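Next, two complexes with chain A in common: one pairs it with chain B, the other with chain C.
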Partner chain A sequence: MWLRSQARWWCGALALAGALFGCASAAELSALAEHQIKALYLFNFTKYVEWPAAASNAAPFVIGVCEALEVRNDLVEITRDKRVQGRAIVIQAVRSAQDVGACDLLFIGATDQARIAEFLRPSRNAAVLTVGSAENFLALGGMVNFVRREDKLRLEIGLDAVQRARLVMSAKLLAIAGTIKGRADPMRK
Partner chain B sequence: MGRFRQLSIRNKQMLISMLTSGVALLLACTGFVLYDVLTAQEEMRQNLLTLAEVLGNNSTGALDFNVPKEATEVLSALKARADVTAACIYTKDGTVFARYAQSGSPADSVPPPCQPAGHRFERDRMLLFHPVEQNGEVLGTLFIQANLDALAQRMQQYLKIGIGVLLAAMLMAFLLSLWFQRFITEPVLHLVQATRAVAQKKDYAVRVPKESVDELGQFIDDFNEMLAQIQARDAALHEAQARLEQRVAERTQELQAEVAERKRVESQLLQAQKMEAVGQLAGGVAHDFNNILAAIILQLDLLQDEPGLSPRVREDLQEVDKGAHRAAELTRQLLLFSRRQIMQMKPVDLNEVLADLLKMLRRLLGEHIDITIHGEPGPLWVDADAGMMQQVVMNLCVNARDAMPQGGQLTLGTRVLDIQAETVLANTEARPGRFVCLSVTDTGCGIGTQTLPRIFEPFFTTKEVGRGTGMGLATVYGIVKQHQGWIEVESALNVGTTFRVYLPARLAAPDGESVTALAPLPRGRETVLVVEDDAPLRKLSVTTLQRLGYHVMEAPHGAAALRQWNDYGGNIDLLLTDMVMPEGINGLDLAQRLRILKPGLKVIISTGYSQEVARLSAGKELDLICLTKPYEMRVLANAVRDCLDRV
Partner chain C sequence: MMTNSHRVWSAVVALGLCAASAWGAEAPGVSLTNLAEQLPLEDLGKIPIEQVSTASRFTQKASEAPASVTIVTSDEIKQFGYRTLADILAGVNGLYVSGDRSYSYLGVRGFSRPADYNSRVLIMVDGHRINDNIFEGGYIGREFILDVDLIERVEIVRGPSSSLYGSSAFFAVVNVISKRAAAVKNVEVSAEAGSLGTVKGRVTVGGVCTNTGAEALLSGTRYRSRGAGRLYYPEFDTPENNNGIAALRDGERADQLFGSLRCRDLTASAAYVTRDKDIPTASWGTQFNDARYHTMDSHGYVDLKVDHKFDAQTELMVRGYYDEIRYGADYPLLVDEESGVAGLNRDDSVGRIVGGEVQVTRRWNQHTFTVGGELRRHLNQDLENFDLEPYHMDAQTVHDSYDGGLYAQDEIMLRTNLLLNVGLRYDYYESCGSTVNPRFGLIWGPWDQGTLKLLYGQAFRAPNVYEQYYPLGDNPPNDDLKPERIQTYEAIFEQHLTKNLRVSVAGYFYHIDDLISLDPDTLVFQNLNRVNTRGVEAEAEWRHANGVRTRLGYAVQRAEDADTGERLSNSPEQLAKFHLLVPLVPERVFTGLEILYTGQVNTLPDRATPHADSYWIANLTLLGQKLTPGLEWSVGLYDLLNSSYAFPAGAGNTQDVIYQDGRTLRVKVTYRF
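Coming up: the complex of A and B.
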């Protein structure tokens, strides 16, 4: 009885906290706008991907957003007071390829292939998780791509690019991805 | 409870130990099972919790990126778990995100509404709600429902094992109590057996074996001790009883002997009384008869002296005289039997009596009878009437002869013996002291036990009519009794009879021989007063005395005698008077009165009763002479002369 009332209390408390911090759960997603979902997913990626050890924990975790203002705003909102692997989060607008090098995670909101490639190029040899929302994003060398399918937002993952960047992606992320390109994953049938 | 009381102690003890062990084991089993159930539940909870943790962890991605399919995929891994019947993942706001239902479970397994974290057990299942977290952030809730089959199975196994253990324990308890019974129940059973033996068979010799030194052992010791005491008391009681019985038997024997003795003595007494009565009767008859005979005999004497009788008359008179003398002899025998015969007591040597008689006996008994005499040497003095003694011997010998018609051995014996007090007890007639015993033994036909008590009765005879008077043994009896002696008879049929006559021994031999020689009848001229109520006898006495030269006066009774005395004054020298007379004055009274008138008067008192003679003799100071009737002329003459010549 005590346990149950205790649990109920905790449940209520968490729901309240979730509401306060604006952390939307999966159930709420349908009610959210796509840019909000994207911002949420972007933050969620930080939970399932391991970056090579940073030189210093004091250095902030930089999420760069390229050409997606709404997403960037949402991200700011979502990541407020949050940390990634103990590091503070900084949302940075990326306007040129030079800005890419400072990022740990980069969302390229552009749909133009040339422009995508332009932003992807500097990240090719850096430990930057690149996320896009274009049809040929993976082919262009991107790592994670948002696709809309059956009225739902799905993920495509280009595993080769992830591994090339020496990033370690959680199997759970891979499990939920709609499409995985690149080397075959031994965990999946 | 009532039934339990009826059980034997053996079964009670067994039941108690089995119940105790059963209950203890049941409690232990229950505790153990309860503990195990709780442990199992906790284990199950932990198990499900771990499962929930793993599933939740695996579902974070699906929740984060809103992929219910993936979550469902994750939950479908639960197929491997047979116990998990349903599972469900709720989003943060409580809506169902993904669900799992075990194939075969009810299709309507609608997940319950989301509940706070925790678990609960329902009747046949366990429900667990667990938060799905990532880095401390709650993403949703995982629900798992598991059936309790494993637990139930375990319970079943426990039940089986428990029952098995319980049964085994009961069996063990049964066997153990069987084994341990010998320490408690068996002594008790022994006690019961012992008490039963004591109660039913009165067997106090049983003992209960002691097998332990506990309270039971103590009790058995005390019980045995108690039995020993009872046994000892019982034995003592038996002994006392036996002693008492023996004493009773002894006393009974004594009493019987006493009774027999008394009967014997009584019969002897009766016999003696009978003899006494017969004697009195015979004596009475004989006394009167005697007077008549005396008159006849004296009259005959006078008649025969009468001159001028024809020879034929004289001859007839002699026959009459013989008859009268035979009658007198019979009367004398009767008087002897009734002890009324006057005895001439003087010292007599019994051996001499036998020796004197021997020749005559040989002639009397005949040649076919062999006579032997076993006399004690030396004279055997008794105070007796020699004639009577001769008659005793003669009568006994004649009796012996008649018992031996074919001839035989007759043994006469004498001896002196001291009769002890014991002997007196056996024979009422016996007296202690020194006695001379005369025995007459024949080898004749013997006397039957029927006859034996009557042989001394007068006129009792077994001989044919005419052969015996029946007075022989009666005379012997009377004589012996008169001599203060007694007779013992010992007889066996066809063997013989022994008569033993006991007479008081004279303690000293007499000084000299007192010999009485026959002399002519003494005569005299003195005056004699004859007082006699019997007229013929008086007449005879008067006539006899007158013939002898005496001057005789006569009176029929005392009063007439006194008148005569007055007429003649003091000229009377001797008074001859009958003892028993009519008119109130007896012989003795008369003598005393006359002696007052004339002291020194000579007195002769005649009587038919020997007792009176004895009484009169006792009064020596009276200085008188007793004359026993019937008397002959010589006796009368001698007595009158003796009396007159006394100084």
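Coming up: the complex of A and C.
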């Protein structure tokens, strides 16, 4: 009985301490599969990146997904009935470099360097936001890379490549990136 | 023959299927669309990545795994000050750990025979089998091969997994995933000191090559503990036995090495542990308070693995490995009346394994299909016992063998909210023949954030070399032993009640046949016992918005001999686990409180003390990180209330129960350059 009351006392004391000191910290979130977190990020990029104005609002906003079936399925679910700058969203499987030209946002799930380079080449200097998930994705010319830090998924951003493509990233997006490589130009919102 | 319980469960499964097909199609688990609309951008980097790779041999959400799964992360290991794998597992709902100052024993769902070497739980490191090939022991104390500081996460899959992993995946599979070099980077040095003259040091070097993406990690650990200074055993309280006091007889020394190299598809890893433990209990009729009584365990392996993705749908895994496992013990025998000398008797064993496995996972349409095969050649399974002076070989087994298995599994998405997971594995053992083990899982998301799992499985444990070929007395050993078998029925319900509150309930019934036990009259192992185990486990986890986390687990279980109806030894009817994590300074200073309750258990039959009492243990950890760049510190108080608790002793002990250390302290500092 004594042990029990001791335990209760400690619980109470700790809960109180928590209430006093712990208020400022961030919400704890339930775990998700890695592909789901990637899909959520990709959807958010459409809100925090500005693309050069499209020729017509009738043209859909194309998110290309290469070698990431689960991410593609998640994106289909998330983007149902949603729009980007007034344009309908289309999720497209990218199987060869020829498919890249039609994309506004391209996620490359491949980890093989040659394969990544093959898909990045046609998007160079085009207004395509390229996102990858490989150790040296930025070095190969990609713009945003997913990296695992402990059990979380963080971002690396290659600013040079973003600017070359005339894309504008919001300060909010840059602020959450773990690493930013390239010129540290003052970015406009 | 179909028993009543078979029929009930078949009906439940059929009912589940009908209901599922009638229900609307909502995604199981979390609704992504809601998260996409509600979660702010800055929160995405805070979502923990959930994945289980052990339950189905491919990466999936825990809620879709065909088992009750618990994951313990590296963060929790730090926050709750876990020192060994045994500490980690003791905090997991439905599990309990006991010990006899020689090894730690893991109990799962009410089953843990005193001083049995965890041969009914498969322990793995990065998918590499750790159980040895003589006793099939899966070691979880300081003799476990990986330093806990190098653990990225531990996946605990309850229930049978022989349909994927073969022998020993009987009650559970514990897969320990090691940290990758990116998590360490450069150099990390850690030092800790604690009660009972305990010190530990670790140096880890990690590097990632930015051009090639290659990563390398190398780590070494040294652990020394003087152990309890004085241990009083009233059973030995005579003047010639130092009045029952074992003075400085509890020391422990362990060294660990771990290295891994990853480049593209290739992972090469190597690990080694050696542990030397002084035994203070004078078990197996040895001389009390004799400094020569100790056990030595070592295990080393090299493992080469290729994981290749042909495309988004097809993955190939090929693995080859070599393991060497040694065990030795020195037993100071009782004083010889004539010569007055206590002679030394020695156990010596060596196991060597060469093995390989291939696995292909392919996804198409609604299927995730996995096929694989495994082949192991046991070069040595040698065990001997001899007296040193004068030399006399008492028992010897020189053995080698092979075993192999073929398995197939299909996860079928019947509807978007309904998964069927079917697996089957064929195993062949040179020693005991073939066995086939299936597993079925129906995973249904009846509504948003809720998952119902209905599971049936079979598993086996092949008799080990010690049981089958090692002569313990004058009678020849029983090489006709059959594998132990288990049939399991389980239902699990998990529900996220709010964004921050998750509850789960599992109910199960296990039936074990042909359990291998030592016949005390003949000293020969036989397939003697049948056991029934049933229980309910419930868990609630609450993640408060200010970072406070609470987890409450409770298990009520009964494991009994199916013939006599008697409750098994070392089988608590109740277990409770409470975890509270409070961030005192957000992301920097944490307090972790762990309270564990284990109900009363029976000691071995015919002991004078029939029970080991129930006990509460409270462990408190204060962790500081990111306050000074690179520095992390923690202070841990274990068994805060100084409970006097004991575990049932094994057959080799004179004692009925073995008392454990009371309150201890550990201080740890880690610096990352």
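General observations
Keep this in mind: the second predicted complex is superposed on the first by the 154 of 189 C-alpha atoms of A that agree within 3 Å, B and C clash if a C-alpha of one lies under 4 Å from a C-alpha of the other, contacts with A are read in each partner's own complex, and residues count from 1 in each chain.
In the analysis below, a residue touches a chain if its C-beta (ideal position, glycine included) is under 8 Å from a C-beta of that chain, and two chains touch if they have at least 3 such contacts.
Just so it is clear, the model here is predicted, and its values are computed rather than measured.
Once the two structures are superposed, chain B and chain C can be ranked by residues of chain A touched, with C on top. Once the two complexes are laid over each other on the shared chain, residue contacts for A:A102 go to neither chain B nor chain C. Within the superposed three-chain model, A:A33 lies in touch with chain C and out of touch with chain B [touch as defined at top]. Touch criterion not met for A:A127: it reaches neither chain B nor chain C.
With both structures placed on the common chain, the touch criterion links A:K172 to chain B and to chain C.
Shared interface residues of chain A (contacting chain B in one complex, chain C in the other): 3-4, 6-7, 10-11, 14-15, 18, 23, 25-29, 41, 44, 47-48, 152-153, 155, 172-173, 175-176. Put simply, chain C touches chain A in their complex at residues 27, 30, 32-33, 35-36, 39, 41-51, 59-62, 73-75, 152-153, 180, 182-183, 208, 210-213, 264, 309, 311-313, 363, 496, 499-500, 502, 543-549, 578, 580, 582-587, 591, 593, 595, 616, 618, 620, 640-641, 643. Residues 3-11, 14-15, 18, 23, 25-29, 41, 44, 47-48, 152-153, 155, 170, 172-173, 175-176 of chain A are the ones touching chain B in the complex.
Of all residues in chain B, those touching chain A in their complex are 58, 60-67, 70, 73, 91-93, 95, 97, 114-120, 129, 131, 134-135, 137-141.
Chain A contributes residues 3-4, 6-7, 10-11, 14-15, 17-19, 21-34, 36-37, 39-41, 43-44, 47-48, 67-70, 74, 77-78, 80, 109, 111-113, 134-136, 139, 147-155, 172-173, 175-176, 178 to its touches with chain C in the complex.
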